[in-house]
Amino acid sequence: MEKEYFIDLFAVGSFAIPKLLLENYKKIGLNEEEFMFLLHIYSAIESGNLFPTPEQLAERMSCSKDRCMEILKYLIQRGYLEIKEKNDDGIVVEIFSIRPLWEKLYYFLYDQKKKKALQESELAEI
Amino acid sequence: MEKEYFIDLFAVGSFAIPKLLLENYKKIGLNEEEFMFLLHIYSAIESGNLFPTPEQLAERMSCSKDRCMEILKYLIQRGYLEIKEKNDDGIVVEIFSIRPLWEKLYYFLYDQKKKKALQESELAEI
Amino acid sequence: MEKEYFIDLFAVGSFAIPKLLLENYKKIGLNEEEFMFLLHIYSAIESGNLFPTPEQLAERMSCSKDRCMEILKYLIQRGYLEIKEKNDDGIVVEIFSIRPLWEKLYYFLYDQKKKKALQESELAEI
Amino acid sequence: MEKEYFIDLFAVGSFAIPKLLLENYKKIGLNEEEFMFLLHIYSAIESGNLFPTPEQLAERMSCSKDRCMEILKYLIQRGYLEIKEKNDDGIVVEIFSIRPLWEKLYYFLYDQKKKKALQESELAEI
């Protein structure tokens, strides 16, 4: 069994999270539950499941299906997540997009950079 | 500015999480807050910071320093995390080890595999 | 343009390679060209393309399509790569499997561990 | 032994490569040997070894120490890699920097984007 176990481990693989997201999710307004919800959606998308159901998400998270629905609504309303339509060989299907999350991260890092540049120019004037 | 921004993004890089951990943290008894706490420690260790302080962890998490201390104690008591001693050029320092987490995951996957094998042998008998 | 550029970067994401593979591909008999060939197949599979063509591989590699065909044959003959059949909604399609690569890595690490254990027991006898 | 084996696997972890680099290294002028050389340096830096020696690199690569020295010179001359000085508690040490690699990738992707935008505007004029 040992060999098959080892191979399965490698076959499953790893999921890469940008460190800038890991370090700043709190600063762009997410708590751990919301961040993990987005991470599960992100991971599902990367594995080819573009529209995981609340049931699928609740199976991995320590909250109920109903709570998952609430988090989903909240994240869409607050602009961290989008539902889009995709034409899949003539059939229109719904898919999640986390581009709004990257956009929030972009604006946050941009502001941070501007503030830092301002501080440095003020220091230079003294 | 654009170029430097792009390069910084790449220079910061990504952090790889085993999918088996992402998919099963709930099943080995962790909620999202506890899982993220361990993930921040794991990420700090990988970056060379072997003993992140509660202050450093609270800066990234949406909970207070005191809550971080509570989670830390809880995870150590429940056997997800260890504090070890390391001899660093003659000076003994404390470091975190998440080997207990991998051990919990190992036992969970092992049990799952045994149950599946049992079910299959029972089905074969019918 | 800057914002869209940033978002695209994140949307493309990263690909996680087990460090044990990166550190030991040479020791399991692969050179850089062969290793990269397998990595491109691995990355294609992870992105949902289970059977990348020699043309697709040659587009990313600094060798011709014919050289790609040669490497492919070599890796299959030497047991690093397999072509399998998959039933996709009633249609049988060919897919690549890199399980043989993980198997080679498994045997290598296992031997290494046995040798180390042997050395330690010999040292203990002195 | 099985359990320790499993835990070691997780403890070693994975290394995340930006997909844009994996997909475009050839287009920014690198062959597989040169790309892997840079990858080994990148991986060493991420693990805290900021200046891996040609011996250390040759141990992982299927080429000799002398060939490693040649690749190193070539990559520095061609502007993919830099040697910088770092002040480490009063002692100046040499470290590698792969920022030039990200810069090359940036310019390549930028040009590609400009060409695409040009083509689209030309198509719109027809």
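First chain written, first letter: the chains are A, B, C and D, and each begins at residue 1.
Keep in mind that, in the parts below, a residue touches a chain if its C-beta (ideal position, glycine included) is under 8 Å from a C-beta of that chain, and two chains touch if they have at least 3 such contacts.
Note that this is a predicted model, so its numbers are computed, not measured.
Counting C-beta pairs in contact across B-C and across B-D gives the higher total for B-D.
Two copies of one sequence, chain A and chain D, touch each other mainly through matching residues, since over half of the numbers at the interface are common to both.
Centroids of chain B and chain D (each the mean of its C-alpha atoms) stand 27 Å apart.
Annotation for chain D: residues 5-6, 9, 13-16, 18 touch two or more other chains. Taken as a graph of touching chains, this assembly is complete, with every chain in contact with every other. Contact residues of chain D toward chain B in the complex are 3, 6-7, 10-11, 13-16, 18, 21, 46, 48, 99, 102-103, 105-106. Against chain C, in their complex, chain B makes its touches with residues 2, 5-6, 9, 13-14, 16. Only residues 1, 5, 9, 12-20, 22-23, 26, 30-33, 35-36, 39-40, 43, 60-63, 109, 113 of chain B touch chain A when the two sit together in their complex.
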